[in-house]
């Protein structure tokens, strides 16, 4: 049934997200992987950079082609590149002949000024921002199905938005009185080290991260505007997010702990059950979202190696604060897995194709 | 100069806090360690339970004596026991002849009902609660100097209170209008696994904690009332704390990330510098508290193996939220180190005696 | 095509090997999982013991049935039990109606005295030892295909034997002169903590194993006679193994480093290429064995989450010593994966069914 | 008593060994630290590169001076540099006015050709090789006491030699018959990641080393000739070492497992007690060497943070193989600690000054 097979290329195949794309697509029943791109390893056999693929990808040699060069031979091109590059290489011609799924940040923010302020680089193709579809699979399924430029969300973003969407949709956030700022939603996020990428740096040296935890980029992490932008769309109102990422000595996983203290006049009789119902209702039928039983909260070990999002929710009556906790594997649902999910939606495949792995524990 | 040497006993010497007491006191110039207590290892040479002490403590055999039995021969008795036990073994007779430093929870809360509600056990000596001094060294130095019953604070508590005290003292918290509840201070805390003790359990099995992070006891951790009780004393007003502990795959260390969103009418012109000044002012001359430079935040690796508390503070103008971050070694400043510091204060020794180790990195 | 589906039961499904069996079999196209057995968790929903399976196995409740009770409804029964139990529960009646694959030690050694000496328990069914087939898939494929009692090899054993078999087969070991003992093959093995099982113990407490490495059971580990027994069958001569296991602070993985110093008169002109040829020849066509290129050696990260065995080999001319290094995932090729591989062989399925996962890195 | 204080400079103070020197010397009662050298961080406050030293070394700014420039003001200069640099900067003039303790490899091997072959660089001052003293404190104490050029041994080397010295001294190794090569001593060594230095590289990236173990530089690690050279001096006979290092996912620690299979005619009646007696005899009175009780073997956690060497020894009668296991903290006894110990010997201080820390566990 070769007829249904699409051809896929990956630009940036030797980083962690790229490797994960190769792993997932290697077994995809409807995808033929035709290009593993790497600028740094051009000409090198792929297995020499990632030993896990020995045998499976023995025949691949890393090449260095641009999206323009790949477009004619690929039905879908995945970009797993540092920010600022993709926007210089994508144009409408390319998007006419192929579908681009960008795992980077260039097409996520709709406001080019906001992009340039937070990322500190000039955007190479601002006219494409309005054409890009935000690839949060569960919440943008219909738009994704017909998009040729899909901006795959950031890892922290995916976990934060899915953990908060039902609450925001239900209006359970601080709203600003006229002329004042709303109180922010507090998002305290924790990530494994693979989130920082595979590039060598002293900050990701084993001995500098092992046996330690730290907060970083407090109030300045680039996923902040992305989370705010999308939650505002859901909310329909201005809304603020206080986002603090932390680095945890583990390979994979993101845990988001979000806090919404209710003001005294808000929802006097709300309960944990009410909150759980919001999640169950919004995520009904979603194969990859697991709303946990009351009193059970996510642990990253239970999602590692899978495309699952685990969410637990409680209302602390003593302090009248909503605490929502979400967990994902940052390289799968937070990157490559969601990219494949988006591809599956876009090409009409089974949405779970290649993504049905049960988490690997321990 | 044998004249200045006091005799110390440790009940619970084979747990992590107890071992750390042995380590610190072994080198203390004014302390002679006369009793290493362990119920489970009675009769066993101490080095057979903790190989690091070979040679240093070769002559010690674990014994199992009660505080009453130890009192006559000890100037100070350290208790490193699960909650509920100390309160059954301490009475005024014992306190007349010796100083008790309790690393457990029994004498920390002033309200016996609150104790019994949060700990779920009956308190064995409620009449002693008013006599106990809360052993937060930097903030209770004078009271500690003359106390015979010192309730050493919890690990999360120590880090949380020291990270927040200057803000609370300055009134920078949500205050309740009449008839309403104040918005809580959000404390998102992260701890290494040694905080859970040395006792075997599936929850602390290597494979169950390694490569994972989770929140636990959301809204119900027993350090919550302890933090609230003490911050209220500082504040002079009712105040609420939303406390969420997390388990991090590392041996030692606590990181506290605390959030205080300012309401619109509060402190319109406040800056990060203003906040840092509060810390510098309150902690001036404190040898173990390091208020970090602006823009620098704590990492547990920089305090591991030491009695230091590192604190970083920022005001996020975008969201008008104060973010304060603190780090300690949970077994030292969060347990044994602070206990020794309290002993030093109580007996008039150099407050840093045995506690001047530079952190061990990496 | 229900006709091809066999029914499988697992006794001991909540340990690490058992969980891995559930994970692998959940996706097996020809297997229906009908029983998840657990004595300790009888009556508990399976997902409450292993959160990774939420949704996937939501309907399973742990039961506690014996092999005899399961035999009528199961085509294959996997036993993942501590040693000494299986031999008391298996008899010829059971083996007439079902195939038993035992992941434990009871049916691996052919000599009942040796079993009783090394394991310190009485064997419950010594008459079955001659009927059991040693389940080292690549080397016993034909016997496995028709066996009803398959003794799945130990994790260290699998890795050690496969790493050494081509050398032993070629006679590259020390042979004893008449009346003397041969010099042993030195096997220095390193394992992740999951090899010690999921049962709680102080020895597997996170803080007791993290940030440390140790050798254990030097000269007395129970996989020693198993390795010797099988290598002697390959060799046809008496042969000794010096086996030293080490505990490494990681979840999964076994690395075996084996040394064979050649005596002065042996093989004067041998080269690394000669040795590699022995491996390539013996393992030709083996899907799960990857003989690495010259100069490349195994790392457990490249096999984690897969059924692969990676093997590197070199001849150090300076010392005239053969160094062979092998790596497996102890829970997959070292336990559950090989058990499924054996089931596939036994029932005529594709040998790689359910086992084609690419390693999960990082 | 300022009169006894010597002045010390460190060149290479921001690497792991250099940091450890700063930590140890900061508390040394007879040493004043006058220079923290760093080429990469010249002009930077030292605490900005190593946060653990905040307050303790707040006044230090990294400088970049040569040994020649430092010699006039320093009584002792520690070099913690990559190989090949020290030999270009040290000459007899410098050694006339100051004592140089080199933690690098340049002055360890006595044979300049062997150095140039194994290290692949030209030696800058071969005439100094005969003047350098090998700084293995316990075995070269007398020579160290009057040396002005001390070659501090490598980390693997220190652990390997001390673990094997009593056996080699007693002649318990394979001796070559005329015209043949001796069978090698097998040394299988395991190290934490700090052994690879602080410099960024993909190989020491957290995700590339965490959750994995590998052998590396099999038969070609540069500590091999150093071990052989020194053991031959002890033995008085030619002798070969098969040395295989492994990388373990932990910050600190080296474990050496060494194997000596006895040939059939050797020492027919030898016992474990006999072997222990050799160790006890050679290391009698050594404060930093702990010969463990029979049946107890080293674990790196019991020496972490200390200058201890733990050694366990057994004779496996079944295979007639001696197994000796040693453990050190690679940054202390394997680097900075031994350097300070050598300085103490050289300047007539208490040999344990600054080195009496009890290991930090957990």
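Letters A, B, C and D name the chains as they come in the text, with residue numbers starting at 1 for each one.
Just so it is clear, a residue touches a chain if its C-beta (ideal position, glycine included) is under 8 Å from a C-beta of that chain, and two chains touch if they have at least 3 such contacts.
Treat the numbers as computed from the prediction; the structure is a model and nothing was measured.
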| item | value |
| --- | --- |
| Most distant chain from chain A by Cα centroid | D |
| Pair joined by the larger number of C-beta contacts - B-C, A-B | A-B |
| Mean-CA-position distance for chain D and chain B (Å) | 38 |
| Centre-of-Cα separation between chain C and chain B, whole angstrom | 46 |
| Euclidean distance of C-alpha centroids - chain A vs chain B, Å | 38 |
| Multi-chain contact residues (two or more partners), chain C | 16, 194, 207-208, 210-211, 249-252, 299, 301, 304, 362 |
| Of all residues in chain D, those that touch chain B in their complex | 16, 19, 23, 26-27, 50-56, 194, 211, 251-252, 287, 290, 292, 296, 299, 301-306, 308, 310, 356-362 |
| Touching residues (chain side chain C, partner chain D) in the complex | 176-177, 180-181, 183-184, 186, 188, 190, 192, 207-208, 210-216, 218-219, 240-242, 244, 246, 248-253, 255, 257, 259, 261, 263-264, 297-301, 304, 314, 316, 318-321, 323, 325, 362 |
| Of all residues in chain C, those that touch chain B in their complex | 16, 193-194, 198-202, 204-211, 249-251 |
